[in-house]
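Each of the next two complexes has chain A plus one more chain, namely chain B in the first and chain C in the second.
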Partner chain A sequence: MTLDRKQIEDIAMLARLSIKEDDIPVHQTELGEILKMVEQMKSVDTDAIEPLAHPLEIDARLRPDTITEENQREKNQKMAPQTQDGYYLVPKVIE
Partner chain B sequence: MYTHTLAELSKLLNDGSISSVELTKLYYERCQTYNSELNCFITLTPESAMESARTADALIAKKQNGPLTGIPFAHKDIFCTQGTKTSCGSKMLDNFLPPYDATVVKKLGDAGMVCIGKTNMDEFAMGSSTENSYYGPTKNPWDVSKVPGGSSGGSSSAVAARLIPAATGTDTGGSIRQPAALCGITGLKPTYGTVSRFGMIAFASSLDQGGPMTQTAEDAAMIMNAIAGFDVNDSTSLERENVDYTTNLNDSIEGVRIGLPKQYFSADVDPKTIEQIKDAIGLYEQAGAKIIDIDLPNTSLSIPAYYVVAPAEASSNLSRFDGVRFGYRCDDPVDLLDLYCRSRSEGFGNEVKRRIMIGAYVLSAGYYDAYYLKAQKIRRMIRDDFQSAFKEVDVIMGPTTPAPAFGLNELLDDPVQMYLADIFTVSVNLAGLPAISIPAGFASNLPVGLQIIGNYFSEPSLLNLAHQFQQTTDWHKKMPEGFRS
Partner chain C sequence: MKYETVIGLEIHVQLATQSKLFSGAATRYGAEPNAQACIIDLGMPGVLPVINETAIKMAVKFGLAVNASITSPSVFARKNYFYPDLPKGYQISQLDLPIVANGSIDVQLDDGEIKTIRITRAHLEEDAGKSVHEGYGEHTAIDLNRAGTPLIEIVSEPDIRSAKEAAAYMKKIHSLIRYLEISDGNMQEGSFRCDANVSIREDGSSELGTRAEIKNINSFRFVEKAIDYEVERQIDLLESGKKVTQETRLYDANKNETRSMRSKEEANDYRYFPDPDLLPVMFSDELIKSIEQSMPELPDAKRQRFIDELGLSVYDSDNLTASRELANYFEQALAIATNAKLTANWVMGEFLAALNKEGLDISDTPVSADMLGGLVKRIDDNTISGKIAKQVFDAMWNGEGSADQIIEAQGLHQVTDTGAIEKLVDDVINANPKQVEQYQNSPDDKKGKLIGFFVGQVMKTSQGKANPQQVNKLLKEKLK
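Here is the complex of A and B:
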């Protein structure tokens, strides 16, 4: 399994990670090795097998759509890198 | 005093032989003395610990104490502690003070336990050596040139060196059992859904499970009594009646059917490790257990399936770290994309980035069926293998790891070799089963762990089998030299 430079750049973009041009060969080797190991799965016939998402096959429990939490904006925003007037500040998105 | 188990400390506190304040000071001093050598802790919390200890002593004086009241311990730094730094071993959360307590934190606090610190771990629990921590590697107290295992390596190292009598851990692919084995302590990974994941920073949500790391099975049972149970805040928490995990500890193990999978005793496993495990199984046989050879044919597929499922879920879970709401933010972002990409690249370490990229790839359009769906199908095959085995046997035994602790830096540049250290533990997470690792001897002067795997909700039997073993052996009482002052 080899990934080309473009694939590495695409994966990094999907993952929202910036990678250095010089590091691309390292990523190619490391991800390639992991995917090679993962490809052992290919040799197994799984056509008749249903996928298993939850080990006990139980659906996630739903709760009634009622308010259970009070507004804790100030407490929760204490940890934010930058806020203003109760909003999270990010670089300008629309000119 | 510091070699006592939880059960012993509980008695001493209850009959007034020692106070929680005295005990907390004693353990805190040990942590301070030895942390520079072992690097078990990311944060020590002496002030809040002394406050909890005084509260505990007041409860004991009024005879309002429970079995855990006043006993010091530590949390893995993956559990959110309100107002106390919870880093998850990452630069990303180096400044994070959670606004709430994890359910496990609240429950052990309510039980009166005294938290004296937060233990080191592989970043976001991704690793098998605790070398992937932003705060530097933890050392194995049996040989400080070796890793303590991971990801709960801070907890296992601290309990092994008797810096604390117990700690919490989490296990996504072996992160409680593997470090417990490599450090010579007891570690229980409960059935998926038994211990609440609320406030436990998510790595792979369908695999993650918290549990106790202790000297003995009896101590693990005592902690389980406090942390297990339904939690409305965790949508995968199971609604079951509460269980007393200490009730069955002294049951007879005569006639118990023990399965030995041939795959767990293959030529790839360290022969000295196998020798120790066979001796341990011999003791069970002497006690009247029946030994049966079994087959878990898809064992070798558990690593490939795990390294698709876990990174896929991780890439989704870790998308929340975006430099906007909490955690690390890069300096002077030029635009929103730059803010996301640089905050994440600067905030995450290499192994985390590697797994996020694998996860993003296997979930991407055109590859989903070949990787993620395929892995979920293999996951069913692995679970079905276990279910067929449990028709013939009550529990499955084997080595927890294929070899004892490896050297620091030995596998750091070879991710795939590092992943293979989890060969006997990951299949248990894929199937959602409970399993315990207990000390079962030494190979090359390093601890060997015996893993006992049971069917869903069989924790009381696993603890019973482990406890009975610990009544006739003293491996769990061994402690490393050099930490005795």
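Here is the complex of A and C:
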């Protein structure tokens, strides 16, 4: 199975990656190889096998509903490129 | 051509936990921006989510209340998309194995018909943060306090056939989550909001039409208006030979219209996969049983009990159980008053009217359930008449004390002393010889009406304190 140019562009858009026009054939080949492997896996009969959500066969540990975090805004916002009035600022997003 | 409307609702309910779904940060509404966003909520590298046990139990409670099955193991999945108020680049949600599956709820329609709406699923997920697009120039300001707050998303089957049914269903779910105490249901603060999937088809067709999804409706009134508008729009499209496109639309309450947000052409492909940071959640029978035992009486059961055991009418029972607050208020007042019908009348009459008049919620009432119960008790045991009771109620509302205190302080006891009433009756008869003559000369079937004049006069001179039944009886005897 090979992916066409449009599919490569769509996947790049979903992942917010900018790819060079010239590199598209390379991605077509590399992603195509992965899909081939997936095709191969799909041929295995899994009818009698329960889907596995996690490789460890233990269940989730739950935590009690208590507030354990203090306000660390000042510290956290030191890592941000831009803040104002307590908000994190990002380039304007318009729906 | 005739069309049938087909609607499915997705309702988002914010759970009333103290802390977030996967972190120990607080969920309190209205905090300073980002004061409740810890490094887990910010999606910092190296952090791990740990599931909030109370959130899980609340989701199970909801599932049990709608007779659904509880999925065990239940699995969390990542829903991938990019938006600045979602710092991880994915929302932790559920896809294949939601906690709650295959439930249903009965909704009463305007004509009294009971309709069952199937609930496909309800899953747990984390909320995103909030974006502020105005006031920051070339920037969008991000507040991540809400990021990670637990939600359940309740997805109905496309069983709803009109905007009114949609509102009735939404109200029923709202009442239920308040009864279960799993959410404050505050719609202004966004704790309860819904998306409506709306399509139309030719009457009698079994195929579904192309649907539009209306996002983020946060009131019962708007759900009706938004759907009505959308149905009209879709009919207009089809009638003029056009097609409905599958898209997401936003309801604008100011203009009363829906408009396109983004079409599915550029639709997101969320690439869900099980979250490797989280293990499957298992539910033992004991756990489910213990949650079952902690369930409060649900509205439908309460309504039935009011009818069967308290002897209230269907109408009264519907109204009193519409919200848990009102039902609690009534039951608490009844515990003191003991007369169910009289208590129901006072709660739904004087009490609700006074609340409405001042635009207050039950929680803000100056007349507590105990106080109202105390008043009704005094009407029931003939200490005061119903008329005087209204005066006492107003005084309680103005903070003048309990019913007994007010009755005592203002000397409002009903006069039941026969001698005293007899004197009042005699005075009225002596003062009105003309009316007495008219009464005595009129046929028996007119007397009932004419006696009202004398009763009125006696009640007036007694300032409403004479017992009306006694007054009536004495008048009849003396006027013979």
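Quick notes on this structure:
To be clear about the criterion, the second predicted complex is superposed on the first by the 93 of 95 C-alpha atoms of A that agree within 3 Å, B and C clash if a C-alpha of one lies under 4 Å from a C-alpha of the other, contacts with A are read in each partner's own complex, and residues count from 1 in each chain.
In this text, a contact is a pair of C-beta atoms (placed from the backbone, for glycine too) under 8 Å apart; a residue touches a chain by one contact, two chains touch by 3 or more.
In this text, all values refer to a predicted model and were calculated from it rather than measured experimentally.
By the touch criterion defined above, A:N71 lies against chain C but remains apart from chain B after alignment on the C-alpha atoms of chain A. Using the contact criterion defined above for the overlaid structures, shared-chain residue A:M41 touches chain B, although it does not reach chain C. Of the two partner chains placed by superposition, chain B and chain C are both touched by A:V90. Measured by the number of chain A residues touched, the leading partner among chain B and chain C is B. Residues 14, 16, 51, 53-54, 56, 58, 60-63, 72, 76-77, 82, 88, 90-93 of chain A touch chain B in one complex and chain C in the other. The residues of chain A lying in touch with chain B in their complex are 3, 11-12, 14-19, 27, 30-31, 33-35, 37-42, 44, 46, 49-56, 58, 60-63, 72, 75-82, 88, 90-93. Chain A meets chain C in the complex at residues 10, 14, 16, 51, 53-54, 56, 58-69, 71-73, 76-77, 82, 84-95. Contact residues of chain C toward chain A in the complex are 17-19, 23-26, 32-39, 42, 50-56, 73, 75, 80, 82-84, 96-97, 131-133, 136, 138-144, 261-262, 268-269, 271, 274, 276, 278-282. Chain B contributes residues 95-97, 99, 192-193, 206, 232, 235-239, 298, 300-301, 303-305, 307-308, 315, 319, 322-327, 329, 333-342, 344-345, 348, 353-354, 356-362, 364, 370-371, 373-381, 383, 415-416, 419, 430-433, 456 to its touches with chain A in the complex.
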